[in-house]
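Look at the two complexes coming up: subunit A is in both, with subunit B in one and subunit C in the other.
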Partner chain A sequence: MIYFTKILKKEFLIYSRKSSSFIGPVVFFLISISLYPIGISNDPDILKNLAPGLIWITVLLSTLISFQNIFSEDYEDGSIELLLASGQNLSLIVLIKIFVNWVFSCLPIIILSVFSVFLLYLPLEGLKPLIISLLIGTPTICLFGALAGALSLGKNSITGPALMLPLSLPVLILGTQAINYSLNDINFSSNILLLTAILIFLLPIILFASVGALKLHFN
Partner chain B sequence: MLKTANLSYKFDDKYIFSNLSFEFANDSVFKLVGDNGSGKSTLLKILSGIYKNYEGYLSSSEDYLVFYSGHKTGLKNNLSARENIYFDIRLSKISHSQINSALKQLDLIDYSDIQSAYLSEGQKRKINIASFMLSTADLYLLDEPFNNLDRKTTDFLQEIFDMKINAGAKIIFSSHDRSNDDFPLIDMNLFN
Partner chain C sequence: MFQILKNFYHKLGSYPWFYKISGKVIPFVGVFSISLIVISSIWGLFFSPTDAVQGDVYRIIYFHVPAVSVSQVIYYSISVAAAVFLIWRMKMAGVYIKSLAPIGAAFTFIGLLSGAIWGQPTWGTWWVWDARLTSTLVLFLFYLAIIGMQSTFASRKSADTAVSIITLIGVVNLPIVKKSVDWWNTLHQPASISISGESSISSEMLIPLLLSILGVYLFVFFTGLLFMRAEISTREQNKEWFKKLSSNN
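Let's turn to the complex of A and B:
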């Protein structure tokens, strides 16, 4: 347990000193969200209808920036070799890395998405499903990002997003739909339950697959 | 402790080494020598469990704790020397006083709070030597540990070797240097 606590503390320290890991996605999100009223329309009715999709797509694209870094630095500096040699449970280590990446790259965006509600004229009843769907949906996106990052180690930077974006579509659809349901007074809990089920179902599978993908680079 | 039988490793349909049968048993230190590309680093990675796709057999008679140090340092650029040692996954619980003592002995104490990105390659290697020094592993697998070290650090590393051997640990390390020292040699060129 001491071993995993140590890795968790180390990851937090590394990410907290690597400002690009959380400032990049946040800046991208803020700029994109503020450009929509300028680029699309400043008509509240048009923006209101587009807001759920725009916010979810922007979150997805903002977090893409950070997923490349989950394993790439560890691969380049030799840390992954040390992890493989340690004989410890790699799935748990990958889970810690994904969790810390989510805290630094997704959580600030989820908090900032509250402001996007005002910029894009999303009615306040859409705020609750937006936050809940992002809180449950973004960890799944992080899992896909980790798998894509592990598979594309040492390859060009487009390989990871090209693998990850198609996988994230169901989460994007369910998240956007949850907000739209709420705006049309339809119960959105089924979407949230589906997002939760996807997360629970995929968590062990993607951890296992990511560990396999990491080992593949050394065999 | 460790035993290999007909151990071979193939990369891109070409054998890097083949039919390596050896028992790392009677001595405490083994030195792997050989030309570039003869498979020294590969063998160390197989013994440490990083590479699994070898042919042949690798067995061990008991459970043991392994400390592996490769060409890459595994250091994080935005952590200081002290933090890199404290968070080194190869080391179990370790105190700040132990880290300070190791850093002092390696003349790194004045640089201990500087982020590793700003340290020289030699200083980074010294951080790895400090981790090696503080480890309580049973088996040490070190890839060219004496490379690019000054005379003083080389002597100090030699002292740590003696310390580890006296504590009952085993060391398997690779080197280009075939000079006549007391270590039993394993010439990887013989298995190419």
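Let's turn to the complex of A and C:
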């Protein structure tokens, strides 16, 4: 147990000292959100309808910036190899890495998405489902990102995003639908429950698969 | 019975045995599948009756339905092979996945394309964000991810394992995608357009359709064997049995 708390601490230290890891996604998110009204229209009625989808897609795309970070640096300096050889529970280590990555790359975006509600004229009753669906949906996306990152380690190819984005489709659908439901006064709790179910269902599978994918690089 | 199956399974894992047997089977399957496709196409295009509602345009069904159905069957068969590869480390399963993925992608593309060509005169649009179309598109993207993953690993074994992992994650996720697309669709899509709108199909149209489906399945079997043989010969080109075989011919 002490081993894992130490890893958790180490990961937090690494991420907090490397500001680029969380500034990148945040800057990308803010820039894209402010580009939409310029590129599409500044008419509140148009933006209001598009806002749920735009915010969700932007969050999805900004995670693309950070998912390579989960394993790539540890791969380059060789510490992944040490972790693999340590004999400890690898799934748990991967889970810690994903969690810390989520805290530093997704949590700031979720907080910032409060402002995007005002920038894109999303009605205020959409704020609650937006935040809840992001809080529950982004961990699933981070899981897919970790799997894609583990598979495409050391290569700068399109394969990672090409794998991750189609997998994230259900989360995107359920997330935007939850917001649209609340705007139409429909109960959105079923969507949140489904998002939670997807997260719980995929968590063990993806952790297992990511560990398998990591081991592939050290045959 | 179980013993025979077990024997067959063990033999299937051997490259030389597969290479020998497939070489004998291929000509028959090839001739049979292509003649079936030709017969069913001629039957479907010229001799089956014109549809009362859609007119002659419905005849694209003889290409569309076989392609779409085979593309899904190939994905499920690939995921079974992926499980076999990850559990029993059967090399042949890796060959199977690598050879069948491009075929599956090609048929998914044919399905999407023929669907678009069919949709233009009947629905008045090339593309509808209908649930079934969207999940077929996602299937196509999964195929592309599988094919793209093949080239990112230097070692064959790692590439096969990586592809198997992706395939299994895909097959776990595919039902979720399908269901969620269904829910999404109900909010946005007017119910006036639906693929399953046709009433049950008459037997004069059904027989050539079944023939064409059978022909396409056999054609996939045929091309699958060809691709697998090609893949085996690239992987085993320096092995003794292969050299002996090629020096004999």
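We adopt the following convention: the second predicted complex is superposed on the first by the 218 of 219 C-alpha atoms of A that agree within 3 Å, B and C clash if a C-alpha of one lies under 4 Å from a C-alpha of the other, contacts with A are read in each partner's own complex, and residues count from 1 in each chain.
We take it that a residue touches a chain if its C-beta (ideal position, glycine included) is under 8 Å from a C-beta of that chain, and two chains touch if they have at least 3 such contacts.
Note that the coordinates shown come from a computational prediction; the quantities given were computed from them, not determined experimentally.
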item: Clash or fit, subunit B versus subunit C on superposed subunit A; value: fit
item: Touched partner set for A:I14, first subunit B, second subunit C, both or neither; value: first
item: C-alpha centroid angle, subunit C to subunit B via subunit A, nearest 10°; value: 90
item: Touched partner set for A:K6, first subunit B, second subunit C, both or neither; value: first
item: First (subunit B), second (subunit C), both or neither touched by A:P170; value: second
item: Partner chain in contact with A:L82 - subunit B first, subunit C second, else both or neither; value: first
item: Smallest separation in angstrom, by C-alpha atoms, between subunit B and subunit C in the superposition; value: 7
item: Subunit A positions touched by subunit B in one structure and by subunit C in the second; value: 219
item: For the subunit A and subunit C complex, residues of the former touching the latter; value: 147, 151-152, 155, 157-159, 162-163, 165-167, 169-170, 173-174, 177, 180, 194, 198, 202, 205-206, 209, 212-213, 216-217, 219
item: Residues of subunit A touching subunit B in the complex; value: 2-3, 6-7, 9-10, 13-14, 17-18, 73, 76-79, 81-88, 215, 218-219
item: Contacting residues of subunit B [partner subunit A, same complex]; value: 45, 48-53, 66, 68, 70-79, 83, 87, 89-90, 92-93, 115, 141
item: Of all residues in subunit C, those that touch subunit A in their complex; value: 86, 138, 141-142, 144-145, 148-149, 152-153, 155, 157-158, 161-162, 165-166, 168-170, 172-173, 176-177, 179-181, 183-184, 187
